[in-house]
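Below is the structure I would like to discuss, written out as structure tokens.
So that you can tell them apart, the chains are marked A, B, C and D in the order they are listed, and the count of residues begins at 1 in each.
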Amino acid sequence: MSTTDTPNMTGPAPVPDNYLTYSRGIWSWLFTLDHKRIGLMYLMSVLGSFFIGGIMALLVRTQLLVPEGLIMDQDQYNQVFTLHGAIMVFLVIIPSVPAALGNFVLPIMLGAKDVAFPRLNLFSYWLWMTGALMFVLALFTGGLDTGWTFYTPYSIDTGSAMGGVIPALTGAFVLGFSSIFTGMNFIVTIHRLRPPGMTWFRMPLFLWAIYGTAIIQVLATPVLGITLALLVVERAFGIGIFNPALGGDPVLYQHFFWFYSHPAVYIMILPGMGIISDLIAVHSHRHIFGYSFIAWSSISIAIFSFLVWGHHMFTSGQSELVSVVFSLITFSVAIPSAVKVFNWLATMYKGTISWNTPMLYGMGFIFIFTIGGLTGLHLGTLGTDIHLHDTYFVVAHFHYVMMGSALIAFIGGIHHWWPKMTGRMYNENWGRIAFSLVFIGFNLTFFSQFMLGSQGMPRRYGTYPADAGFQFYHVLSTAGSYILAIGFFITAGYLIQSLLGGRRAPSNPWGGRSLEWQCTSPPPHDNFSEAPAVGDCYDFSVLRWDENEQGYVWRDDVAHPGSEDVS
Amino acid sequence: MADNHEHGAVGHIVPIKMLVGICAVLLFLTALTVWVSKLNFDTVNIGEANILIAMGVATVKATLVCLIFMHLKWDRPFISFFFLASVLFVLLFVSFALMDTHANAPAIIPGNSTVIQQKLDALDASAQAAHASGEVSDGQAAHGDHAEDAPAHDAAAH
Amino acid sequence: MMSLLMTLAAAAPYKEATFWMPESASTVAPQVDGLFDFINIICYIFFVLVVAALIYFAVKYRQRAGQNTFEGGPTHNLALEITWTAIPSVIVIVMFVLGMQTFLDLRTAPSNSYDVSVTAQKWSWTFQHPAYAVTEAAELTVPVNRPVRLLMSSQDVLHSLFIPAFRVKQDIVPGRYTSLWFEATKPGTYQLYCTEYCGKDHSKMLATVHVLEWDEFQTRLGKLAREYEDIPESQLPAYAINRLYNRCASCHSLDGTTGTGPSFKGMWDRTQQGTTVFTDGSTLKQLQASGAEYEIPENYIRASLVQPQRHVVQGFTGAMPSFQGQLKERQIDAIVLMMKHLDTLVDADGNIIENPDLGGDEEAPVEQQEGSTK
Amino acid sequence: MYGQAKEHDHDHDHPDFLGHHWESPTQQFEAGKFGMWLFLTTEVLLFGGLFCAYTVWRSNHPELFRYGSQFLDTFWGATNTAVLLISSMTMAMAVTYAARGKTKAVIICLLLTLMGAAGFMAIKYVEYNHKFHEGFYPGLAFYEEPNASHLWQPLDETAVAHLAHDKTMDMDESNLLHAEALVRAELPEAPAEAVTWNKAVAGPGPGGLTTSHEQEQLAEFTAFLPEAFLGDNEDIAGELEFADGHAPGEAPHMAHPLQDPVRPVNAQKFFTIYFMMTGLHGIHVVLGGFMIIWLLYRTIRGEFSREYYTPIDLGGLYWHVVDLIWIFLFPLFYLI
């Protein structure tokens, strides 16, 4: 039954008919309905945006080397940090894992030929591109200096905020719908396109995470849509919903905004957790510990994520009672995250851990996410949040979660699936070197910001008092950011090098059991010509390393799934 | 999976008679709710009762549309569950926002905002100027006259 | 736990900055710091456990050469998983309760508090003491060991008042009043920040909090209340540049650089000659004549302070708020005089000269000018 | 809708309309339907934001809604509800006929639905036009129209007209003029002489708190107003903002009637939310209209069959949600 396994044995030789060579020419890419190509296009676009957002970050860090600001004036600084935030949130982190990696991996992992609605999928991609172009347009129509949160009344005050606000809002609106359509596609795919044998609790945990994410995308993003639409109308015509000058309520805007944007935090981190669940298991070659706890924690995080938005507003003038309720619920969301960390550790226990680049990113994730998660406690606690809110402590916390966790997981995922996507292996040694730089650089950059914040340095400051003792930490942080940047440049270097001259990848370089490792690398156009046989995707005892293949193959003494355990 | 009553169909088929019947019920409910809103509840606090009745009727109507017109009655329960979840999230959102805005109502600075007050003052000034100079220009002058005539006008009404 | 925090509060009214926290100089600060340390300890414990396990497992169970097949291993352990779900749950509930108590203490001002009304506007702070009819700009003077309540409102956009040493912070929302309170425990000078992003000069929207002993405080405010009345005319320009200009500084430079508003350098010349051009293309000259809007050039400056949107200078957005009610008549006079004598008050680079030589001969024109406008 | 044959499809038992990744038409149909329902939940949440704004304002400022809703015409609202309900029925009928493969009946039903959409928009146009003509704009424009009748109509006239209108609805009094006379007869004597509704030009600005003196004046004033107009007096008293008026007996101030205390502060907010909600709904109706035209085109081309009518079914679901939202908008604005 499992015919897909047989051609894998051909070893690392060029795969004649894969999705990359299936059809040629730029149009065959731009209008492709193949989820793998769409995923790859997303990946390139997201990485492009990441580069731009990263440059902005370096500018911000360089500016803050000296108290009076090194390279920019106030207006420029405000624009740069706004664009850094907006690009990283809307164009990089939100689409990174679900749209780029998810699109590529999800149908193959599931054993489907494509996502449920391939045209809608392509449409999402073009919506994303439109949204990205709107951000570019925002740059040319006067810039954007509102912060990525577009807080009213500053953002609707045409006298103060810059002219690019409406294009940027429209862009974020369009990006929101791109995200909604991706989420819809994934939910329907997971519900309706599972092949026989792929029961809910046989799905790899990455799929559970993506499923949870998709639910949030579908249920939360529309509220952002209406919020941004109202903001556009408010700014253009002055209707007075959020503008206090016309009887509106700026705190109501914050409710609207965070009702989406807090769940959005989990749109960013949940898929990252999903990647890590799979990375840790595959590279430890050990069955994931507590599968159902991790799966349900993804779903409960998705649901709880809707109930905690008010913790962004403890000092905003929100009423005491509401703040207290939100604080209580906020703590409940900490539990599933903690459970995941413990389960990952337990998975490593008595495993066979290969120290290759994806696993290093996996372990780096656990380290960084632990710090990111634990400092969330300081911020969820009402009494301490009052002091820490809107300081660098918050900046450090969400960079630990958004960048150190979500993006590190994304980069780990890229390394994990790179052989599958491109059919090439990258240089492991350079991978480890780059990881070390990224890890050290990251912690240097952002750990120093915890102290900055608790010492009282407010966020979004282009200059700071010289006598408050902030400069030492700023210098540390900036130095760290340079190291981080070097790490990323090296990563880009060896990944590009692998495309040109990397060793050909075997079907299963890491020893994964989920279905994507049953396809060739790169996979064929249709993924599976027949519905694949599904086994326990975390039972690695049936695989062995094959020296000729330079990858993992099925053990000769164990029966293939399909002959024994298809339900 | 929908149970197909008619052979070969991919989805459930709702008979035409049932659709017409449901539509008639919906129209009747619309008429009812309009009639109720025009009733004069002398003894009841009309505002409260009317809101409850109107929203109750609307919910019944919406449920009928969902169940029959939209085939939810014959569809997978997960769809109903998901749809209801979205309504629930809206309610949740509204209730938290309400809790907060209610508690904060006393802190709102009363009166017109500066911007609106300036508009009103400007209109006032122009109305007075128009009145003083006796200039006859459409609404402004009409207004000026009106304000002056108001008492006389009321007296005349009796 | 809470009582322990309370004891800490009583025992240590003032503490120097630690590795994590800045100096602590208010009654709630020790409570907040205690809570912060409590959470920190929990974090250290969990962090060390997780990272130790991570490194130990990663090294101990690393894949060795020739290790080409793998064991199955346990897939779950319900008791263990329930344990590590339950323990953090209990811990976070404790944290929540402690946090809530501290929060409510932070929010509930004692009834005998001393009230200050705060006006935030882009990008300056104004503090008004109703009890003394004193208005301070960019400086807040408060008594030590007495609860102080700030009643805050915003003229334009969101701002947020943050005094790290007191561990207090509250957003200021246009269209409504918000408040916060603190009780300083040590006389001294503390930094006050705006922590809600409010546009261009957000990071310059700073102020200083002066905590004084009660006697000193009374003396100081009494002096402030009469300050501008008692100053001789000849010293008014110096008073303006030292005491009032800080409210203008975020927009109007002294060295000729264009900020959010036009520089004060040369402003008097432009005003006197009427060369200022407005957004509608008209010039100040047209408005200056006997019987016209501004009979004397000084009146234009006065009007600009009270009704800044009346005539917006070309090239600017008219972002200036009105200072009506915030500046007394004599203070406005002082600002006009400051502009007239700007060249003697600041050096070529725009730095304020400590003791400017205003000379006695200035007395006469001042008098004359005063007379002509009253 | 999404299930058309792909560029490269070599399965023989795959009909044209079936996507290469589907096993059977039923699987594809169900997936399409599920996808559409997910999209409809996003629509619910999209409107949810506006419902939230509505609820928050209504519960904090009921006076805005009491003031504003009197300018809406229940008759047109109810008619529009009926139009949408009937078009919803014809849409559901189109789905039934499509499932039975009766193409002609489908075309007729779709045409009827399209007429419903057009009729709805026509009535909306009339209503909007009337509002704009009277100067009921959302936002600041509410105060900018110099000739807007509502700005210049003094209170008593407005009150009389609306009370009269209410009477015609309440007591089967079909003659509006007669009703108006009745109302006038019920009016208290010369209310405008005793207390003016005009606000002095130099009031204590927006920052000023209502003084007890003003409260007294307010109570004095409301005592003169017809009960029916104010509804619950105590309720209103807390909500109205009132600044220094002139002393009783003094000549009424030549002030703008907009500043009369019965027109609530931020009166424009009712029209803001009204135009936002009905406007967004209107956009959905228009989009639905285009969708029906597209469905008609494909039906006439004979693209649908008993096995494949997914687009009609999904289009129907969308149209019903448009109806569903109006079912709530109608009572929220016109009835309560």
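The definition used in the following text is that a contact is a pair of C-beta atoms (placed from the backbone, for glycine too) under 8 Å apart; a residue touches a chain by one contact, two chains touch by 3 or more.
Since we're looking at a predicted model, the values are computed, not measured.
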item	value
Pair joined by the larger number of C-beta contacts - B-C, A-B	A-B
Cα-centroid distance, chain B relative to chain C, in whole angstrom	44
CA centroid of chain A to CA centroid of chain B, Å	41
Averaged-CA centre spacing for the pair chain C and chain A, given as whole angstrom	37
Contacts with 2+ other chains: residues of chain D	30, 34, 38, 41-42, 44-45, 48-49, 52, 56, 140, 207, 265-266, 268
Contacts with 2+ other chains: residues of chain C	153, 175-176, 178
Residues of chain A engaged with two or more neighbouring chains	191, 219, 223, 244-249, 251-252, 255, 317, 320
Arrangement of touching chains [line / ring / star / complete / other]	other
Contacting residues of chain A [partner chain C, same complex]	74-75, 78, 145, 147, 151-154, 157, 159-161, 244-245, 247-251, 284-293, 314-317, 320, 323-324, 327-328, 331-332, 334-335, 338-339, 341-343, 345-346, 348-355, 363, 366-367, 370-371, 374-375, 377-378, 380-387, 389-391, 451, 454-456, 458-465, 468-469, 511, 538-541, 543-545, 555
Interface residues, chain B side, partner chain C - complex	104, 107-109, 113
Residues of chain B that touch chain A when the two form their complex	78, 85-86, 89, 92-93, 96-97, 99-104, 107, 113-116
Touching residues on chain B, where the partner in the complex is chain D	1-2, 6, 8-11, 13-16, 19-20, 22-23, 26-27, 30-31, 33-34, 37-38, 40, 45-47, 50-51, 54-55, 57-58, 61-62, 65-66, 68-70, 75-76, 79, 82-83, 85-87, 89-90, 93-94, 97-98, 101-102, 105, 109-117, 119-121, 123-128, 131, 138-140, 142-144, 146-148, 150-151, 153-155, 157-158
Chain B contact footprint on chain A (complex, rising order)	191, 219, 223, 244-247, 249, 251-252, 255, 259, 306-307, 310, 317-322, 325-326
